[in-house]
Each structure stands twice: as structure tokens, then as C-alpha cells.
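In what comes next, chain A is part of two complexes: it sits with chain B in the first one and with chain C in the second one.
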Partner chain A sequence: MNMDLKKDLDAPHSMGTTIIGVTYNGGVVLGADSRTSTGVYVANRASDKITQLTDNVYVCRSGSAADSQIVSDYVRYFLHQHTIQQGQPATVKVAANLVRLLSYNNKDILQTGMIVGGWDKYEGGKIYGIPLGGTIIEQPFSIGGSGSSYLYGFFDQAWKEGMTKDEAEQLVVKAVSLAIARDGASGGVVRTVIINSEGVTRNFYPGDKLPLWHEELEPQNSLLDILNASSPEPMNIQ
Partner chain B sequence: MSSIGTGYDLSVTTFSPDGRVFQIEYAAKAVDNSGTVIGIKCKDGVVMGVEKLVASKMMLSGSNRRIHSVHRHSGMAVAGLAADGRQIVARAKSEATNYESVYGEAIPVKELADRVGSYVHLCTLYWWLRPFGCGVILGGYDREGPQLYMVEPSGVSYRYFGAAIGKGRQAAKTEIEKLKLSELTCRQGVVEVAKIIYGIHDEAKDKDFELEMSWVCDESNRQHKKVPEELLEEAKAAAKAALEEMDAD
Partner chain C sequence: MSKSAVEVPPRCGFSFDLCRRNAMLSEKGVQAPSYRKTGTTIVGLVFQDGVILGADTRATEGPIVCDKNCEKIHYMAPNIYCCGAGTAADTEAVTDMVSSQLQLHRHHTGRESRVITALTLLKKHLFNYQGHVQAALVLGGVDITGPHLHTIYPHGSTDTLPFATMGSGSLAAMAIFETKYKEGLTSDEGIKLVTEAICSGIFNDLGSGSNVDVCVITKGHKEYLRNHLLPNPRTYVSPKDYSLSKKTEVLLTKITPLKEKVQVIERGDAMEE
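And now, the complex of A and B:
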């Protein structure tokens, strides 16, 4: 029993995850859940899987938390130097290409799938999917992580070209919440990042505010409510 | 402005008392003695032309290429020692492909010019390397539009509207300054460049010459290419006619 616990708690942190990137008329919307798990233990229920690479380019991380963090750190460093050399912000394509080079050249060691999304003045809003192995594919929308399996059919039906910013964000939030409902490795809150010519906006949707699907239950009364009483009262033990 | 630098000119790692590195200046002289090379930036692209002095009547016309494509969107015209020029072009090509494989997009012309300049400068820092005896005019067309750069043997690289190196550079620069470059299209620019090169060619001192021209513009689909045959012939004819007019005076 002890050995099993140890194996679980010392297991590498993996982000079960659902990550999404969607282009809309004027920019992109990136979305993710917030669950980081080690085996079945939720190591972090409020993680931020959408990481900044430059002022105008962000990346959604999935797979091994350590691997995706180190890749993001390297790419942020290279992009910073590139920006200084060029004298202007890096394009989304360049950022995505750097991520892909690291993923591809270290494919034996790394285990991380990423979605790079951002806005630049030449191409506007762009999304690049970089799954395990290091392919790079530019797409109007991209989904990744364990929870994405449940979203392929949903997007086939719900995706349309030329959405507005609000339509795109609502689509992303709905999709992540659907994945959270079905995928045990995804959960917590939904975070979104909207990037366009005007800048970057971060949004947060708490878990209990997300829509419920099919047979999910409403939250029940919780014993924790007693502990939240105005003055601390000793519990009555008979 | 030329002076001998007795004692201070034996090594590229020696400064003279008045702060000059004579070896680099001597390298520039190698460029000054070569056939003229000019480049102009028109409103829709860049045109480059070379006055290729023919060394021997036995040489096949069209050989001894002086203008090279470095990447799809840019090319280089070389003046000075030909073998040195080949090395610089090879390095530029390599920098361009390397940049593309790392960053996933074509190298910006500014970046290419910087890298070529750095490479040329590198060879002025060590006593066991001699400076390049050639100057390079680099023309390219990227997202920022058409651009023209010139790299000198010292490693300095500046951006220009119009540039000239080689024997007839003074005369060429005077002619270029007369042009209204912002209103010229590349089609017109090709004719002007031909006229200038024919005009500054010194019949007495040098024998025959061959005109080589290239452009990168909207018409060439932003690719660096040799100027098309018929346009080149048209330009040569116009240049010869302009010469006759001048002689007729």
C-alpha cells in the first residue's frame, strides 16, 4: 500500500489536459483546463497551461509538465534575442517553428504536445499545432491533450469560419467544459487568452460556473458549509 | 587621400598612428580597380548591373558570372577579386538557408546584409587572415519592400537608394543621383542602369566589356532573376543610342 502511494506521488507530473486554439475574424482565442495530475492525484487543480512566449504569442502546453515548461523557456529566450536582433516583434510562424525544432530534434526524450497561437501584423491571427514528434501544422483551429479525443466530433459540427471574438471564446469555453465532463485527467477551471491587434486579454471561468452536461450532478450541500459559520464553534461530539 | 603607411601597413592587426588600418584600405583598392558595379532601388524593386571587362577574346560570352542569387528573394553583385567574391556569396547562401531552417521564414534582407558584413569584418580581425578584396552590392525584396545594401571590405554595410563600386564609381554615382528613383519602375531602371554603364565605360583604357544585369521586383514576382533577354537587348540598344547622341554633340 505504501509502495503504491509512493509510486503515485513520485510519478512525473503530467498534464492530462484539454487545450484548444481557435482563430477568429481578427485574432485567436486559446483555451485550456487547469488540472495537473501525478497518476490519480491532482497535483495542481488551478494550473495555468497557457504560457506567454512574447507580447503577441502564447502557447498551450500539454503532456509532461516539465518537458513543456522547459521547451517554453528555451523558446521564450530565443524569441527574445530574435526580437532584439530584428528590431520588431517576432511573428507567430517563427515562434511556432522554434517550438517545433526543439520538439522534433528531441523527440526521443520529450513528451509534449503544444498549440502556439498569436497575432502579428503580417499574417494576423494564426494557430499552429505541434503534436508529439514535432510536426508543425498551421490550422484554423487546433485541439490537444487527453481531453481532446472527446472534442473531434464536436468541432466538426460546431466550428465555422469567420466567427466573432465572443463567438470564438464561447465555443472554446463550451468545448473545454465538455472535455472536462468526460476526461478524468482534465478538470478545474477554464482559462482563456484572447490575442488580437489590440493586445492580450486573459479570462477565467471557475469550475462551478461551467455548464453541466448529460448526467453530471449539481453540487450538493457540503459539510464544509458548517466550517464556514461566522464564529468558530466547537464541533459537538456526543 | 592615399598615403603610404610605411611600417604600419604590414598587418591587418596594426593601427597606424593616425588611427587607420592600412591593409583594409589596400583591400579597398582591389575593389576600386575592378569593373564598375551599380545597384539602384526603384519604387517596385532593385536593379543591379555589372560592367564585365572582358579579359580575353577567347572567353565565352556569358561566362564569368558576377551577379549571384543568394536566396529566392535576393542577389549579390560582386566587384574586386573574383575568388574572394565566390567565398562571400557561398557564405551568404549558407546564412540564408540556415536562417530559414531555424526560423521557418526567408531571411530578412537587413539581417542578411548584417551577417555578410559581420563575416567580411571577421576577416579583418586576425593576422593570419587577409581581408576580402571585394565589395558586394546586395539587393533583395522582403516584407519590408525592396532594399539595397552595400558591403565594403572593411565589413561596413549600409543601406542605399543607389550605390556604385569599382573603376567608374564616381561617374556612376553622379549619374545615379540625377535619377528620380522614387518614380522609376524597374523596367525603366534597367534601361537607366544600362545607359549609365555604357556611359562610364572608358573605351581608351579598357577594351571590350559585357553588360550583366539582374533585378528583383514585382514583375519578377519578387524573385531575384537575370533581366529577361528582350528587355536586356532593349536596354543595350537604348544605351548605345544615348552614347551616339552624346558623341554627336
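And now, the complex of A and C:
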């Protein structure tokens, strides 16, 4: 048991994760949980998985913590150089493609899925999903990480085109909290980043402020309450 | 034909005979002796004036304690210290290496080292070795931008936290931190909390033990409290003490220096062409 725990603690730091990126009319909302696990131990219960690449482009990281941190460090560095060369802020497409090139060309070493989201003056708010393997796909919304499995149906039903900023953020928070309820590798707090023409807003939703779902709720009008209240002795069947 | 073995004179060079024996033993399931690890409990926390790092002092070689009082808090820069867990050789080597890189950097820039510089250097190195350099570190320090505390995992990922624990005793220590940590602790409260967390690791984890080391880093000042607490004194010390019986009488003392003293003859003229 002791050796198993040791092996677990030596396991590579991975982010089980739920990450989401959603466009709305005017910009994008990125959301993520905050749990980083090493085997079954939660190494960091309040990590920030939404990392800045430039002033107007952020990336949600999932998978191996080390791999995703290194990739985002390299992309931040390349984008910085690119911004100096261009003389103007980098577009979301360029940022996403840099992430894609690193992911694709090192696909045998890296194990990380990312969602790049941001706002630029040419295309407005854009979301690009870059899963394992290095595909790049531009989508109106993208979900990733182990917790995303539980959200495909939810998004099919709840997603609609042309939401307002508040609707989009509420959707993201609700979705991440649903995934946290069902996925063991996601948990902690919900962090969101809203990017639009006015700038960037970071929000934080602590665990106790999130909605509870289904079996997490206190039982209401349970038959057990009624049975226990009326007769303390076992019921006689005659 | 007699079956007795013929005496063969030993050949020079490496004898590979035991390699075959080792391979046979590992096939049979006998494990090779493991390397020296620091089982360890290491912790760090941010308090109102800076950071406090703490560590236990036990180094293990498999099930044996090979060093009862080792130093796990390594010097990186005058304002940055790093606790190391994992393979002792790896933590020593990687912290020494980055410490000298930081010193060179200080000479180049003429400025005090920043914690984030140490973090990036360590992270890049560990990622390049894909986790084979088994060093799990808690890096803490105070620089011009303020107090910083980071954890670095063997695969190269890092976390920035207000309180952190690493090593086999990290769960025990984290339990203490999660219960008692609050923001804006004073120096004495911080030291007390760190000591409690390390003691929790020492008493509840088999890989950690012996004494508590603490290091307090504040703006412009550091205090390295080596063996701040010794909760495991040797209980049964022989009252007679160890001494060798003085039965041999000294008759003659003669000291022969092994190095010949070289005579330097002063030459008046310098060499001329």
C-alpha cells in the first residue's frame, strides 16, 4: 500500500480537467476547473488552467501539466517575437496555428489537448480546438479534457448562436460544474476568462457558489422520511 | 580426466561474470538494491513578510536510513532556497547546477536573482529529461517583485501556491496546512506551522524522520535554522561513553614529512633574449 502510494505520487502530474471555450456575439468565454492530479492525489486544488499567450489570446490547457506548460511557454515566446515583427497584436488564428505546429510535430512526445480562444480586430471572437495529435479545428464552441465526455449531450441541447456575454458565461459555469459533479478528475473552483474588444475579464467561482446537481442535493420529500416519521417499530404484515 | 577446476590466473580489466549472476537473479525476482532517496517531507509557505521553507532530515536507501541528519534545504541564491525530494543525487546536482547558473546570471546582469528565473531554469532542465531526473522541488524566495513559492515536479510541470508540500510525507503535512493555514501569518506563527507540518510527516510517514530544518526568507534577510527541532533524540546512550583503553605506552614520536621542501634560489637577473 505504501509503495503504491509512492508510485502514485511519482506519477506525472496530469490535469484530468474540464475545459470549455465558447463564442458569443462580441467575443469569447473560456472556462476551466482547477484540479491537477498526480494519480489519485490532488496535487493542486486551485490551479489556473487558462494561460495568457498575448493580451488578447488565452489558451485552456489539459492533459499532461508539464507538456502543456512547456507548449504554452514556447508559443508565448514565439507570439511575442511575431508581435514585434508585425507591429500589431497577433491574431487568434496565428496563435492557434503555432500551438498546432508544436503539438503536431511533437505528437509522439506530447500528451496535451488545448483550446485557444481570443479576440482580434479582423475576425472578432474565435475558438480553436487543438486535441491530442495536433488537429486544428475552428468551432463556435469547443470542449476538452476528461470531464468533457459528460458535456457533449448538454451542449447539443443548450448551445445556441448569438448569446449575450452573461448568457455565455452562465452556460460555461453551469457546464463546468456539471462535469465536476460527474468526473473524478475535475474539481475545485471554476475559472472563466472573457475576451472581447474592450479587453479581458477574469472571474472566479469558488466551489461553494456552484450549483448542486441531482445526487448532491439534499433529499426532498423522500419516502424514507415519511416512513421513519410515522412508525418507529417495524411494520407488521398480517 | 580429473574434474577439478584448473587454476586460471585472474585476467585484468572488468570481470563481467557477476553481470550474468545479476541477470539470473533479476529473472528469479530478486530486486537490485535501490538508489539513495530522500523519502522526505518538504514544505513551504508564504507569510506576511516572505516565505518559510521546511524539511525533515532523513535519507533512505530502500528500507535503511543511510543519513539521519542530511540537509534538504539547498542554497540557490542569497534570497532563494530550494527544498528537494526524490533521488538525493538528482536534487543535489540539479540545485547546484541552477545555483551556479544563477550566479553567472547575477554577474551578467548586476542584479539580484529572481525566483521565476530559478523556476524556468529548473523547469526546462527537468522537462528535457522527461522525468528521468527524479527531483521534486519546493522553491521559495523573496525578490524585487515580492515573495514567491513554487513546486516543481520531476516531469517539469510547476505550480505557484501560497502553501505547498512535496515528498512521501506530503499528504500528512498537507493535512496540517489545509487545517491551520491562513493568510498574513507572522514569522513565529509561520515557523510553528511549518514545524508542525514537518513533524506530522516525521511521525506518520516511514520515509521521513529525524529532525526539522527551517529556512525563513524575507526581504533582504534570511535565517537558516538548521535542526530547529530535534524531536527524535537518541534514547539509550551508554552512560560509560565510548573510549578506547589506553593500554599502549608511547615510547618514541618521530614525524617524517612526505613532501620535500623545495628551495627557491632568488635569481637576480630577469630572463633576457
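Here, the second predicted complex is superposed on the first by the 216 of 238 C-alpha atoms of A that agree within 3 Å, B and C clash if a C-alpha of one lies under 4 Å from a C-alpha of the other, contacts with A are read in each partner's own complex, and residues count from 1 in each chain.
Criterion: a contact is a pair of C-beta atoms (placed from the backbone, for glycine too) under 8 Å apart; a residue touches a chain by one contact, two chains touch by 3 or more.
If you're wondering where the values come from, they're calculated on a predicted model, not measured in any experiment.
Overlaying the two complexes via chain A leaves chain B and chain C side by side, clear of any clash. In the superposition on chain A, A:122 contacts chain B only, with no contact to chain C. By the document's definition of touching, neither partner reaches A:103: not chain B, not chain C. In the superposition on chain A, contact of A:146 is made with neither chain B nor chain C.
After overlaying the two complexes on the shared chain, residue contacts for A:186 are found with neither chain B nor chain C. Look at A:54: by the touch rule set out above, it reaches neither chain B nor chain C.
In the superposition on chain A, A:196 makes contact with neither chain B nor chain C. In the superposed model, A:65 lies in contact with chain C only, and not with chain B.
Annotation for chain A, partner touching more residues between chain B and chain C: C.
Think of it this way: put the two complexes on top of each other by chain A, and the tightest Cα contact between chain B and chain C is 24 Å. For chain C in complex with chain A, the residues that touch the partner chain are 123, 126-127, 130-131, 134, 151, 153-159, 161, 168, 170-171, 206-207. Residues of chain A touching chain B in their complex: 82, 85-86, 91, 93-94, 96-98, 100-101, 122, 136. Residues 2, 5-6, 9-10, 12-13, 36, 38, 41, 43-44, 46-47, 64-66, 69-70, 109 of chain A are the ones touching chain C in the complex. Partner chain A is touched in their complex by these residues of chain B: 102-105, 108, 111, 143.
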